Every structure is written in structure tokens, then in C-alpha cells.
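Questions regarding the structure given below will be posed in turn.
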């Protein structure tokens, strides 16, 4: 866990009066610590979580297609179960259930699995969009199942999934503050800790929010453009 | 102590905690439903503004929507909890704090669903309202929104489940909701028994109930637009499939 | 009810009308006028801008140049101190209630019954009482041959029936001008005759001004006082239907008519 440097707010703690709500000097002083938590924890969890989710999601999507019916049914409902229950509770299960495990690792695992269940749906739609003729062609060429997936289906399915996967990565990014409940020093926890130490919450919480906005909004715009371009290309 | 004995003890604790857990669960239900109600109102207002042809309505709506979508739920929860009181708005109960934070956050997401579904209503419908000289409020209220409603329900159902899942964080500002009571149960049993077994299943059951409820709403909304079967036809043991067209209200 | 104005003033007047979609000029310097009670049919190859004219009158498209007058009053823009100024939305609304339109795709509201479709605008736009609007709606349904369909859902009706309801809905507003935009193009051939007969009946029994875009040449010949042949965004020929259909002077008109009538 990353220790948060204790801040001593020399400005007087904010009381009821709005005149003292925002202090620029204090905001500038605490900004580096919050940004550091953003880069070292929030971004890290998002990147690792996205990689796990993207890979595992693909595995789930393929398994749902190739497993025998009863097993696919079980897998589908297991995925539904994970998707429809709170991340917060899932984090707490592993946090108290595997006390030997590093909380950050728990974060990687829970975010990875939780979002894999979302991403598997995206892949599924992508796989469904591959025309039936493509499958029939691989059959006519006597291609093996593995080769059919690797060389024909997945490359075609993947293209259209990229924007949706990106949107889920942004969702995951905005869910990372839930790590708060398992004491990971991600950005919002650091901000809240600063607030608790100095009795000034406004600057810290607002900075955390603005960093989220500054990171997620341009990314969302970028994905939006990619989506339009892909739609246009089709 | 063997496993069976352990489970016996767990279930005994569950029995002792039963009333508390149930109260917490009901609080989660209330938090979700009230948060969703507020979110819906915000979504409709911002969605209508966002889809308005007038820039001075559209621009502020866009900014508010992007702001609440772009900053995280927990940030907004802390903002309502720590910062709003500085502006003289002290919210006594953590429940209100939770409802507001959930309402604005998911309301902003919902606004996009409302706006998108209104633009998806066939252009001929919009043109017919012009040809009949309907005012903006009139056409939205009586023609466009009723049709957009059927289109937006699936997105709203998704958001409702997200909101329920998000509600599990509100306990950190001091609310004794389901998640909080699960923590109490965990202290005398185990994380697996309390969080995984009781907790996840409880949340899952509620989420399923919500999605099924939204499914019924969607069936009803579509039937009103003359698409699909009525609820009565679906629930009847031997559904009669009409041969030509669909009679409204299952009057036959 | 529309206020009767000087019979000498044209009901619709296009002055130097221009319409372009981006770089694509659809109408250029279009001038024509329609007298009160006159029924005018616009014919010409598809893409010649006929439908655009109706949509401009209904304010479904933005006018990019020139002026349109309804009852002598500017519909979208007026000239003021040599400049083209948009009219207020209030003025536009007042004129618009005098105009009704029947669409190719009917555009009935699926969230309302047939009756509700017809009485909605008379009650909420014209301020009629529910009883008054309902009585009128029933008589209109009678007129279009669907007296027993009032409580039906629009989508449970056939295309021809839906279009008849759409005609009733437009007439319920007591329009001074009725715009008919290829009203039979989306219908099965066997029901086209029914719909056209209803419109013939409306033409015979009322004094409503009609601006018609259609591919049904016999209908155009029967109901219209004037036929205008469009090509490339311009009127290349106009006149009485007898003249245009039997003795067109312009070569393009001859070609067009022999193409559309040839297989009849």
C-alpha cells in the first residue's frame, strides 16, 4: 500500500462559511499526491484489469459457443451472477476470504473477472456478426475448429468489438474507487485521507473528480470517433 | 471443528442476524428504488434538454451529463457528503446522501438513453406532428415520449442493475444497508458465508427481480404500440396467436 | 377555422425559391402560385424536387433561398429593409394550422387508437371540445369507409386502411391546403383505387386547395385543375391536365409520360 504523506493544512479548516471553501495554495500542495495515486494505482488497476478482462472475456465467449449445452448454460448463469452483483461485495469476499492476498492483486482479479463477464457479451455479439457463410466456407475447406477460430472467426469478430471494449475499460476506470473498501490507496481514498487529516475535503475530492473527468472524457470522445469510423468503414 | 459443524453455526448466526439483515436489505431496496426514481426524473429532464433544438438548453445539459458521467460515483458521494454542507446544504441522513449521489450519477447516464431513444423514434412521426401543428411539449408528451419509452426500457433496465450494484458503496458514509449488515454477519461467520453466500445471492435475487420487472414494463410498452403480444396473451397457458394484426388490450 | 381572405390572393405562392442540400441544388429560382380551391398535381421523374416542394410548404425542410407565401403572408422568411428575415415561430405556427399533409408512409401514431389519432390535434391544437372532435372524427371515418375501426390500433389495420385514417386525420384539422405526398406509393395495387376514390370524393365535395405529388396519372387527370411538369428543379411545362396529358409541348414531358403511361 502506498503511504499517504500527512498534510498539515495551514489554512484554517473550512467551516460553514462559503468564503473559505476553496484554497488554491492547498489545492496545489496536495495535487501531486493525488496525481501520483492516480498513476500508480488507478491507472495500473485499469490497465491490468482491462487486459485480464479482455482475454478472459474472449475465452468465456468462445467457451459459450463450443461447450456442450448444459455446461454452457452453467457458464452463462455464472457470468450473469457475477455481472449482476456488486463489485464492492465481490472485492470484500476476496479481501476477507483470502487474507494472505495483497489487496491490489485482489483488485486486479475482481475487476478482471467482473468486466470479463461484460466483455464476453461484446465478443459474443462480434462472433454472432460473422456471416454464416464464413463458417460454411471453413467447413468446405475442411479447416480444423482451432484454425477456423484463430484465422477466420476471431479476426473478423474482433474488429467491431474494439469500441465497446474501450467503453467498458472506461467504466472499469470509473469503478476503481470501489477499491476504497479494501483499503487500496487509489486516488479517491488518498483524497479522502487528505481530507480526514486536514479537515479540508473540498479541494482533494474535487481534484480527484476533475482528474477522472480529464482522463475519461477525451478517451470517450476518442472511442466515439473510432466507433463512427468503423461503422463508416463497414 | 469440522466443516459441517461450522456451517451449522453459520446458519445459527444467520438466524440471529435475520431481522437485522432483512432491515438492511429493505434499506438497500429503498435506496435503489428512490435513487432510481430521482435518476429517472433527472434523466428525463436532461435527456429532453439534450435533445432540444435550442442550443441554450442543449449545451448546459451536455455539460452536466458529461460532468456526472465523467467523474466517479464515489467522488460524487463524497462531494455530497463532505462538500455540500459547506454551501449550507447539510443532509442529516446518509440515506439522503446516497439517494442524491446515485440519482445524479445514474441520472446522467440515463439522460443519454432518453435522448438516444427519442432520436430513434421514426422521423415520419416527428413530421406528422409538424403537419398537425403540435407544439413542442404536446408532441413530446403525447407522441414522441410514449414511443421512445418502449425503446429506452432495455437501457434503463441495465442502468437500474448498475445503480443497485453501486448502492453497495453507500455504507461508507454511515448507512446500515444490506452490505453493512453483511459485514456484521461476517464478523461472526466468514467472508464466504456472509458476503459470498448470503450477500451475493441476496443482491442477485433483487437484481433479477428488477430486470424481470423491467421486462414486463417493456412488453406492456411495446404492446401499447401494437408490437408483440399482450401480457395476458403471454401468461395464458395456450397463447392465441392472432392471424392478422394484433387487437389492443386483448379484448377478444 | 382559417380566415377567408381576398380570393384574388394566391393561397400558395413561391417566389424565387431555392433549396439545396449541401452542394446539391434541388430547386432553383422556382416561381409558381396556386389559387384558392385549385388542385395542382406535380409530375416529373423522381429526384426532380416535387416532394421537396410539399415538404417546404409543410415547413419540414428549411428554405435556403427565396420566399413562400401562404394566403399572402410569408411562411418562413420576409423581406425587410432589403434583407431576408425569418418570421417568428408564432406567425409560422398560425399559418401552419391551415396546412395539412398526408404522407407516403401514413405516419399514424402507434401509441394511440385510430380515434385518438384523429382527435388529438383538433383538441389540443385547435382547442375543440372532446365531444365535438369525436363527433367529427366519426363522421370522417364514415366518409373514408372505416366507421367501425375507431377503437382499433393503427398497426392492426392494412396499409390502405391506415392511409384512409391518415386522410381523416388530416381533414379533421379543416385544412385550407392539403398536401398529398405520393399517398398511394406504399400501398398494395388492389387498394390504391379505394384511397384515390376517397380523395376524389374530398375533391368533389370540398373547396380545399390541393397540392399533389403522385405517380397515378389517371388520378392526376381526374382531380387536378393544373398539372406542372418538373425536371431538374424547374417547372418545364404547366397547364390543364387535358392539355398536358394528350398534347404535351415539351419533349421531356412527352418522354416522361410515355415512360409512365407506356406500361399502363
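Letters A, B and C mark the chains in the order given here, with residues in each chain numbered from 1 onward.
To be clear about the criterion, contacts are C-beta pairs under 8 Å (C-beta built on N, C-alpha and C of every residue); 3 or more make two chains touch, one makes a residue touch a chain.
Predicted model only: the values in this text are computed from it and were never measured.
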### Query
Going only through chains that touch each other, what is the minimum step count from chain A to chain C?
2
### Summary
Greatest number of touching C-beta pairs links chains A-B
### Summary
Per mean C-alpha coordinates, the chain lying farthest from chain B is C
### Summary
By C-alpha centres, the chain nearest the middle of everything shown is B
### Query
Where the centres are mean C-alpha positions, what is the separation of chain A from chain C, in Å?
55
### Query
From the C-alpha centre of chain A to that of chain B, how far is it in Å?
21
### Query
Just how far, in Å, is the C-alpha centre of chain C from the one of chain B?
45
### Message
Give me the residue numbers in chain C that touch at least two other chains, ranges are fine.
### Response
none
#### Entry: Residues within chain B bordering two or more other chains
none
### Query
Along chain B, where are the residues that touch chain C in the complex?
122, 124-125, 127-128, 130-135, 138, 142-143, 146-147, 224-227, 244-248
### Query
Hey, which residues of chain A end up touching chain B in the complex?
14, 16, 18, 21, 81, 84-90, 92-97, 174-178, 180-181, 188, 191-192, 195, 201-202, 205-206, 208-210, 212-213, 216-217, 220
### Query
For the complex, which residues does chain B have touching chain A?
66-67, 69-76, 78-79, 82-83, 85-88, 161, 164-169, 172, 179, 182-183, 186, 190-192, 195-196, 199-200, 203-204, 207-208, 211
### Query
Can you list the residues on chain C that touch chain B in the complex?
58-60, 93, 96-97, 99-101, 103, 105-113, 120-121, 124-125, 151-157, 169-170, 173, 179
